[in-house]
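Presented sequentially are two complexes of chain A, the first with chain B as partner and the second with chain C.
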Partner chain A sequence: MPKRKNDSQGEEPARAAVSGQRGVTNMTAAGISRRSLVLGATTGAAALASAGWPGTAGAADKLVVGVIYVGTRGDFGWNQSHATAVEALKTVPGVSVVEEENVPETLAVANTMKSMIELDGAKLIFGTSFGYFNPFMVDIARQYPDVQLRHPTTLWSADKHPANLGGYFAYMDQAHYVNGVAAGLSSKTGKIGYVAAKPISLVLRTINSFMLGVRKGNPGATVKLIFTGDWSLPVREAEAANALASAGCDVVACHVDSPKVIVETLERRGVKSCGHNTSQAALAPKGFITGAETKYETIYKGFAELLARGEPLPNVAIGGYDKDMVTSTPFGAGASEEARRAATEAIAALRAGQPMFAGPIRDNKGNVIVAPGSALGNYAPELETANYLVEGIEGSVT
Partner chain B sequence: MRGADELRRAAEFVVVPALALAISAAIFSAILLAMGQSPAAFFQLLWRGAFGTAFSWQNTLQRAAPLILTALCVALPARAGLMIIGGEGAFVMGGLAAATAALPLLGWAPAPLVLLLMAIAGTAAGALWIGLVGVLRHRRGVNETIASLLLAYIAVAVLSFLVEGPLRDPASPNKPSTHPIGAETMLGPIPGTSVHWGLVAGLIACLAAHVLISRTTTGFAIRIAGGNPHAALGQGLPVGRLLVLCCLLAGAAAGLAGFFDVATVHGAANVSLVAGYGFTGILVSFLARHNALAIPPVAILFGGLSAAGGLIQRRLGLPDATVALLEGVIFVTLLTSETLYGRFAIFQPRGARQRP
Partner chain C sequence: MTDAGLFAVLVAMVAGAIRVSTPFLFVSLGECLTEKSGRVNLGLEGTLVLGAMVAFAVSYHSGNPWLGVAAAAAAGFALGALHGAICRLPRVNDVAIGIAMMSFGTGLAVFLGKPYIQPTAPRLPSLPLGDWLGIPSLALALDVSPLFLLGIALAFLLDWAFRNTRAGLVVRVTGDDAAAARALGIAVDRVRLVATALGGASAGIGGAFLSLFYPGSWNEGLSSGQGLMAVALVIFARWQPRRCLAASLLFGAAGALGPALQSIGITAGYYFFNAAPYILTLLVMAGTGSASRAARHAPGELSITR
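Moving on, here comes the complex of A and B:
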């Protein structure tokens, strides 16, 4: 899950340039004179006077949904995975969406939410960054009991938090398990790499699931793990990808906010890659295997439809393949035939609820995690607090 | 006669920035027209989002509060001729120290005592952090700009290390934080508003800094040391000590801002403290020409711009960078406008000669 990204600014001017392109051509054709400036200002004012506030968020009968992003919507990663789903939400009739990007996890996000509620009339708000929840979304939920707020984590608990707040969570570890199955069978050397952001439970869990997937089809394979230290450090991510390629890994997977740089670097080095969060297939036409993608569309559209029908929203909505909340990127050229078949089977098994953590499972220090003959369900609470790496991973939690 | 002259001088400091703001508005309008957007709609939204409603004002002041204190972290050393750009580090260390100081007191000490000790710890940590830069400058001749900037990165690394390691609250598996100080200990907002007390602290600090710089012999000595350190040394002024003093006070201001961020917003130290307040403070201080009294209005201008940014983004569908672009235009125009000072005869004191 992302934290504020200082480097996301770099992409903005490019976006501005793109969105302004039409205007730029007009300008060069007509030239800017003082007269056109004044003319523009007066027509603007006239439009304003006749239509009320510019771009008013929607008619009174529309359901206004606010979405807040910590970075830019086109980051090839976490934020884009939400933005893609929001595009689908916009197609729901009777829904009007207001979006704000690059909102840091400070008082700024509290103010953005208030502004959406007070000035735009938002009735449902999705705050999509981890650090938005406590204290900001909790406070706003208490302040505005008639507004629904939802956060993409499992942090909400009925005894601690207001009832108009809640969580939705896509169990990406299931999709990483499928990544692992495909990666293990697409690797020739059995040496696989993994670039991860931080050694926190959420990330450790996806790495462990990946490893279990790898060993499912390729029992002798190992995974070399590098932590970059934060959610979005493109330079470190490129260094890590290069280091793993140089260490002889022929497949590398990842869990960072935006794997763009990793996937591009690996493609240049001739190493196969697995994606994360959203589709990176276009970045690696030769080496892309498959990717773990969230499918928030299911939640966003579902929630908007529930509210439109006047039905209450669930406080907790979690799921993986079984609830259509995660999906795998269509196979790329890097996936072997065997990998495609095994990964497709793995998806079907997960959809049917077959557990990934079936014993015996040890951690990479030899401690027993799951005893032989027993299994942890895919939503077992023990997995939420993982602080170990399973056998086969070359790396350390600290 | 003298009174009229002073009025003329004062008018110059109001008219020139106002002119610069008008010019930046014109430049930005041209950019908006080129993007096919209506400048009138833009500025209406800007006004509404920043100052148009009671909520907008609170939003603006909330954003301005930390900037006032971090701008002081630049302004004070600047008067002594030092360019400190690492206020972010003092802010982070202040927040970290404040959260850490609370740990042994939670559960038994009364909230006001905990807050007082947190404030002292935060202020002291910030003061020592930038004070170190002053000492390095004075004793070893280390460039204070680079030293303070690099120390800011070290501060962030120290914060990450401590909150992910020794100081981590085990109940924060996915967002490493120190143990929260708890809602009962946290400092509430100014009654009747949602603005926190950091704003008041900032205003008091600016006033105190103004008195120090303009109305005391120490301040006079600081200005001489900043104007010409060799001449100051020749006069027997303790230049080194003055530099270190300015750095200590500067760091204290940023550290205090860090304390307020923990005590009023986050309730614990974590990487959310690293939000760039220290760096935005540099812009605020430069636009205020390192004048402590000009810092609050400039900080409010910046707070207003960022408060309106969201509304503009949502209503006009403009990218987030639009407001950053406007800030950039204002920044460049205001700095360029500095060359206008002393060029208009109307502002010249009638009793004095023309300025060179």
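Moving on, here comes the complex of A and C:
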């Protein structure tokens, strides 16, 4: 059940006051805030109430950044990867952060955004869940043209969406490629497993990159793939991890919202594991190899600094290792010496822009994806629409 | 499918039946008891989630998972008693209260459970019943939780009690005809209160299984609707505890089908296989259902049949 921390209007000033405690005055931000209150008062009755709240004055001296999560911040997964970055954002002088957890992808998120803008004076909002974008963030962006909104996908396009909206995206497939390199060289049987949520191109892409990484160091290895069907199904994820362990896989990686249950189950079965989204190293002291982590603090801190200087934010900010937007969890006890060395080399190569999709690459039905001698760049648009699984993966998209 | 593959899938389904069925079993037995007394408690999904959270928290703080199970049962008892107490008031609908209790239980668990997502709590021990077979995959499948055995015992105990004890008769009379029960001097509301509270306690134990045995950690999406499915299982089982056991095992086995088939290389159509429990329910209901026979098993006082 969703728990809104700030349901009633009575709590709002209190939250604003708490968030506005740090005392660095920023004249630019103050100017913007006052303008927004005047503007807000002319837009509707709801704004009239906001202009009358006494508690918002403290927040007006700072740049207020709103962050909205679909789940709890400490979920060992997607939400935690954002929350960790927000902790780093909070250390930027002149920035105060308002957060709300467990906001469903419904009208509730529009109300949360409105309350962050009207009552807390937020100038920059990160809505961190996929379903927030359309129509909620698009509508709010149109309604409040002087507030910047950013969404962690590549959904934004200049001809369809408002200019104060945009996207930022960490290319996790690069980190999964490194997972694959380490996994392939840490496996003794050459049988590797992968638990994935949904067969959408975003996920298929990370699986394909993982497979390419596996074959880089261990050309004969195969990857057994299990789709659970949704982002968070703890019981079925545990079943999938057990099924892969029973099928003889000695390393299993995953792409689900929170890999906690998978990593714990694998550790109990004596199977090595790779993480996803945030560090799961503590959950598997014996079998953890490495993990694919986002590094959103690069974006969050960068955006806050740009705004504080009064400079415009980019609408699209994407990157992988090259832009310091993804990172690998420090190696665990499950990683072999060879795996550590090869994975470290792979990170350096990706940082230098070396392509993962270098031909010849076929899909697991025999069709040519990349011809011999050619390559797809790591940000090639062709990869955005992946609907295939590369050779070596025992699995099916449908 | 090769013979080895077929064997692997069968073992996986047996293992799945044993691992996944226990929460279904405890919730459906609890609901069976409640419905036999003439009330519907749809709130057991909330009870399951709160039970899971309380069990995890108590196990984490005390270091003793069995204390966690006891605390989960107590929390479930309290939620059930609350449902029973509210339903005693005039003009209160038990289905509506049940939905409210579902939100209340889940919300309370999410609110109180926030600090327990990160830590790891001591888990319940398991009983290795299959080691003597010498087949590793079967041994693993038969590495059962004592709670599973307790659930089986509870199913047979309830079944026996409904048939052979005075208490069982009192519950059944209350559920079938409140007026007749009152004529016999039975305090109808009190019987229903106790039946709902005990049903809640059983669902709470089901929650403890989720957080302390399988999958064995606490998070907000832990139940993903299993409590609601278990309530539906009671109708599927025609209000008979032993059939609740069979239905729970069937659901557990069907739930293991999707991952097991993908792990041996049958990968196409996994959405279909993942839907197996629901398709199975439809088929069994359509196959065994009958306009005249279905109502015969249902307690007469149940608001869904009246």
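Things worth noting here:
Note that the second predicted complex is superposed on the first by the 339 of 398 C-alpha atoms of A that agree within 3 Å, B and C clash if a C-alpha of one lies under 4 Å from a C-alpha of the other, contacts with A are read in each partner's own complex, and residues count from 1 in each chain.
Please note the rule applied: contacts are C-beta pairs under 8 Å (C-beta built on N, C-alpha and C of every residue); 3 or more make two chains touch, one makes a residue touch a chain.
The structure presented is a predicted model; accordingly, all values stated were derived computationally and were not measured.
After overlaying the two complexes on the shared chain, residue contacts for A:S396 are found with chain C alone; chain B is out of touch.
In the superposed pair of complexes, A:I226 makes contact with chain C only, with no contact to chain B. By the touch criterion stated above, A:T72 is placed in contact with chain B and with chain C alike.
In the superposed model, A:N102 makes contact with both chain B and chain C.
For chain A, the partner touching the most residues, choosing from chain B and chain C, is B. Legend: residue contacts after superposition of the two complexes on their common chain; A:A243 is shown touching chain C, with no touch to chain B. In the superposed model, A:M116 lies in contact with chain B only, and not with chain C. In the superposition on chain A, contact is made by A:L283 with chain C only, not with chain B.
Looking at the shared chain after the overlay, A:E264 reaches chain C, while chain B stays out of its contact range. On chain A, the surface touched by chain B in one complex and the surface touched by chain C in the other have residues 1, 3, 72, 102, 229 in common. Remark: chain A residues 1, 3-4, 6, 9, 12-13, 15-16, 19-20, 22-24, 26-27, 32, 36-37, 40-45, 47-48, 53-57, 72, 98-108, 111-112, 114-116, 118-120, 130-131, 135, 153, 198, 200-202, 229, 384-385, 387 touch chain B in the complex. Contact residues of chain C toward chain A in the complex are 8, 11-12, 15-16, 19-20, 103, 106-107, 110-111, 114, 117-118, 120, 137, 140, 210, 214-217, 219-222, 224, 226, 255-256, 258-260, 262-265, 267-271, 274. Residues 26, 29-30, 33-41, 44-45, 48-49, 53, 55, 59, 62-63, 160, 164, 173-176, 261, 265-267, 270-272, 274-276, 306-307, 310-311, 313-322, 324-325 of chain B are the ones that touch chain A when the two sit in their complex. Taken in their complex, chain A has these residues touching chain C: 1, 3, 71-72, 74-76, 102, 193, 224-229, 232-240, 242-244, 246-247, 258, 260-261, 264-265, 283, 394-396, 398.
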